[in-house]
Structures are given as structure tokens and as C-alpha cells.
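First chain A sits with chain B, and in the next complex the same chain sits with chain C.
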Partner chain A sequence: MKILVEKADEITVVILEGELNVDDSILLRNSFLKVLKEGAKEVMVDFEKVSFVGSAGLATLIEMMQLLRKAGGKLGCCNINNNIRGLFEITKIHKLITIYDNRSLALKSF
Partner chain B sequence: MHILETMPSRPELIDDFVASLLVKIDQWSVDEHTAFNIKLSLHEAIINAVKHGNQLDPDLSVQVDIAKQGGQLVIQVNDQGAGFDFTSIPDPITPENLEKLNGRGLFLIQNAMDRVEFTDQGRTIKMMKFL
Partner chain C sequence: MTDNIKPIEIQAQYFLEEKKYDEALKLFSQAATSYQEIGQHQQAAMCFALAAGCYESKAGSQSLYYYASTYYSKAAKEAELSKDFEYASMMYKHAGICFERDLEFVGFSECFFLSKECYRKSLVSNLFNRIITANGIPIWQRVNPKDIIRSVVLWVSLSFSALLWGHGERPLRTISFGCLLVSFSALLYTQGLFMAGGYIHKPHLMESLYFSIVTITHIGYGDIIPLGFNRALAVLQEFAGIFILPLFLTALCRKYLRF
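After this line comes the complex of A and B, so read on.
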């Protein structure tokens, strides 16, 4: 998986490319801990180029949400394809993490 | 056509192992949404077998048996662990479990497949999907 981190004003955008499975969830967690350490409070994860997410990836997102909430921040996700959005919905993770249709809408509304 | 593959209980091998199985399943011309669900179920069942079944013991293996029977795909994942009580699995979408970091794998499988059964005291999960 490729992970690119960009800043858009106060929002840290984490752009993922590839699959969020067992090994890649560890990579995402490490990247996230780095941006958290650097003081990020509002983090948006862009899933446009993500084709697969498993339970390990979902767990990493929940942990990110919890750590940001503890730090007074928040986590959002955008550009999620229908298969992955379905996983967010059946596991009710969409009730914990706000999902936006695309990045520009996300950055305006976040 | 029948696929029978085995892997040692090493988590770092799971992603490549699943990818190799999907290449073989692809011969049955599975649509994109079904392929996603099969991939998800294989991933989760093998993770459970490696981590919870075989307790990450690299000397124990996980066997995957895949067959097309009529209009459905039948996938069996077997571990060599002590088995588990598959009748008392916590529901991961209750308010008290919603933020837990573990416990979603089997729930995802049950939603992705058409039928799921356990045999051999929980050491084998049998997952069926209509194609």
C-alpha cells in the first residue's frame, strides 16, 4: 500500500492506494501515529484508490478515531467505493466515522 | 475443478496466499461484487485460523479447500488448533462492542457469504456462495 500525507489548511489528508489488509493496516497505523505525534487533530482518509478493506483495516480506523477523539480531534473518510462502504454500514462503523462522498465535499464540511 | 492449498500459520504470508487462491478462483468468472465478498471471507477465515485457531504457531498449518459444486462455490478453511465454541460469538454491532478493535471477522464472513457452517469443534469453517 502507498500512503501519502498532505495538509489542507488544518486538515491532514491521508491518501491511501492499494489494499487495507493485514500488513497494510500496520503501515497505516504507523503513519497515523506519526501524524498524531506531529499534532494533527482533524484527519481525513481518502479511499479513492483503495480496492479492499478487511477487519484489520476497520480495526485500525476505529483505533485512529478513538485516539483522535481523545486528543480532541476527529476522523473522517471519503471516496469510499460501494463494496467498502457496505462494510462500514453492516459493521455500523459509519456511525463512528463520518463518511463523505468526495474529498472536496469532505474538506468543506469537516 | 478443485483447489486444495496449505499454508503455515505465519500472518505475513496471508495476503499473498489469499491472492494466489483468488487467481485460481478467477477461472469461474465471478462478478466483481461476489469476488470482493469471497476475498473478504477468505481473508477473515484464514486470519482466524492462523491467529485464533493455530495461535500463531508456525508449525501448525491452515488448509483451504475450494470447489465449485453446481451453482455455488464451497470454501472450507481448516486449522489444527483446539477448536472454539462457535455458538457464543459476541455480536460486534451492539453498542458495547461497536468500538472494540477485534471480533468482526466472522460477522463479516456471515454477511458476505450465503451460508456458513462450523464442523470439527470449530476447527473447520465451511462457507458457501451462490455464483
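After this line comes the complex of A and C, so read on.
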């Protein structure tokens, strides 16, 4: 999996590419902790190029959301395809993490 | 080990996309059990939640909510084991909703109680687990005082609710609390003074117990008058009694009128 971190004003955008599985989740967690250490409060995860999210990926997203909330920040997700959105809804993660249709809308309303 | 589970998850998600819920839930359940065996409780929780979701999607008019709630409960237990109490609370809540849809009120009651308890634990965990590590380097997360106050207030009220009536699901707790209050107050009354039949005396235990019961139930015959410290205690006990009896009746009705 490729992980790219960009800054858009006050929001940190984490762009993912590939599959989000067990090993990739560890990579994502480490990247996220690096971002958190740098003092990021608002983090947006872009799923446009993500083809698969496993249970480990879902668990990592919840963990990221909780860590950010403890730090007084928030986590959002955007560009999620219908299959992954279905997973979010079944596991009720959509009640914990705000989901936006696309990145520009997300950055406007975050 | 997780390499063996990955293809199962991929296949399960494929079945889910195709709306083949029977096949999907079997595979998610299999993946969850495998994660459980290797101690990956967070992943197990997710897979159990996905299996529960398959049952829920499949349920419709059929009576399958019971199975969905069973899987949500399993997901909640796994989330609890991984110390993710917030997610556990949410899973118990959904298990409760599914139990209620299936008219299984004993399960609903239990899940509602556990959901509140997990939420209470999550408040404590959010307060204290603020040090996280990134590649072995600790990061201290800044604390927002407003969040701390909110968490503490919520935790205190939920703890009191749990102790007093088990969040409305344990009427016996209210009786136990009432009995404890009566006994404790009776012991304290023996240290003060009463006036009965025109003379002031230090009461013995049985007289104190009688007065304690008469006060908490608001009968108030007026044959015994508390004096000094006992008067203040009687007021406090009477005030507690205002809440205990209605709470007991509410919890009792809430629990038993569902059947």
C-alpha cells in the first residue's frame, strides 16, 4: 500500500492507494502516529484509490479516530466506493467517523 | 497466520457485494474465529460485526434478528477484550436493538446494561490512556479540560446509576441499596438521640431500625422524634427515600412488563 500525506490548510489529508490489510494497517498506523506527533488535529483519509479494506483496516480506522478525539481532533473519510461504504455501514463505523462524498466537499465542511 | 485469513475475508467481502449473505456470514464467522484463536480481538470484533450485519441484512421479514444479535454480542465481547470499550458499547447497543426486534427481551435487557457499562469503562479509558507510542517514542496527548470535566461528570452519574438501579435493568440493586441505607442509617441513629413518650434517650438498635424504615418509606408515625444529629440524618434519609421507591418501581415495571 502507498500512503501519501498532504496538507490542505489546517487539515492533514492521508491519501491511501492499494489494499488496506493487516500489514498495510501497521503502515497506516505508523504514518498516522507520525502525523499526530506533528500536532495534526483534523485528519482526512482519502479512499479514492483503495480497492479493499480488511478487518484490520477497519480496526485501525477506529483506533485512529479514538486517538484523534482524545487529542481534541477529528477524523473524516472521503471518496469511499460503495463496497467499502457498505462495510462501514455494516460495522457501524459510519456512526463514529464522518464520511464525505469527495475531497473538496470534505475540505469545505470539515 | 493472518495470511491464511486474508483470502477468507476477501471471499467473504465478494459474497457480501453479491448479496450472498449466507456464504458471506459463514466466511466472516470463520475469519472471526481464526482471529479469536490468535488473539487478534479487534479484527475478530470487526468480523463478528460483519457476520451480524449479514444476518441483519438477510433478516427482513424473517426472524433472524436473534442470530444477528448473537453475533453483535460476540463482536462486543471481542472489542471488550481488545479494550475498545466504545465500539463494544455500540455493538451491545445494536445487539440489544436486534434482540428487541426479535421480541427477546431478556437479551435486550442484558445488552442494554452491558452497553452502558462499556460506555462507562470507555470514559475511564479515555481519561487515563493518553500516552501512546509511535515506534517506541511516547506521545503525550494534550488534554482538553472541558472533555475531562464532561467525562468525569458522565462517569459519576453512570456509576451512580449502575449502583442504584443497574441502569434501569436491575431492580434488585435498588432493594439492596435501600436495605443498605436503612441498616447504615439505623447504626448511625444509635449514636444520636431520640425523643419518645416525652423523654429523651439514646436508642437501641431495634428502635433505630424501626425508625429508619418508617422514615425511608415516608410513613412517619411521629411516635419517635429525632434530635440533633439524628434530625439531620433523618432528613437526608427521607430525601434518599423520595428517589429509591420510584426507581425501584420503574425498574421493576421496565423489566417485567415486557414479558
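By our rule, the second predicted complex is superposed on the first by the 110 of 110 C-alpha atoms of A that agree within 3 Å, B and C clash if a C-alpha of one lies under 4 Å from a C-alpha of the other, contacts with A are read in each partner's own complex, and residues count from 1 in each chain.
Here, contacts are C-beta pairs under 8 Å (C-beta built on N, C-alpha and C of every residue); 3 or more make two chains touch, one makes a residue touch a chain.
Keep in mind that what you see is a predicted model, and the values were worked out from it rather than measured.
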Checklist entry - On chain A, do chain B and chain C fit together or clash when superposed? => result clash
Next on the checklist: Under the stated touch criterion, which partner chain does A:90 make contact with: chain B (first), chain C (second), both, or neither?
Outcome noted: both
Checklist entry - Which touches a greater number of chain A residues, chain B or chain C? => result C
Next on the checklist: Applying the document's definition of touch, where does A:34 land relative to chain B and chain C: first, second, both, or neither?
Outcome noted: second
Next on the checklist: Contacts for A:66 in the overlay, against chain B (first) and chain C (second): which applies, first, second, both or neither?
Outcome noted: both
Item to check | Clashing chain B stretch [against chain C; choices 43-51, 61-69 or 79-87] | outcome: 43-51
Item to check | Overlap of chain C and chain B interfaces on chain A (superposed complexes) | outcome: 21-22, 52, 54-56, 58-59, 62-63, 66, 83, 87, 90-92, 95-96
Item to check | chain C contact footprint on chain A (complex, rising order) | outcome: 21-22, 30, 33-34, 36-37, 52, 54-56, 58-59, 62-63, 66-67, 69-72, 83, 86-87, 89-92, 95-96
Item to check | chain A-facing residues of chain B, complex | outcome: 11-12, 14-15, 18, 33, 36, 39-40, 43-44, 47, 92-93, 98-102, 104-105, 107-108, 111
Checklist entry - So in the complex, which bits of chain A are touching chain B? => result 19, 21-24, 52, 54-56, 58-59, 62-63, 66, 83, 87, 90-92, 95-96
Checklist outcome for this item: Per the touch rule, the chain C residues reaching chain A in their complex are 2, 6, 9-10, 13, 16-17, 31, 35, 40, 42-47, 49-50, 53-54, 56-57, 82, 84, 86-87, 90-91, 94, 126, 129-130, 132-135, 137, 139, 141-142, 144, 147
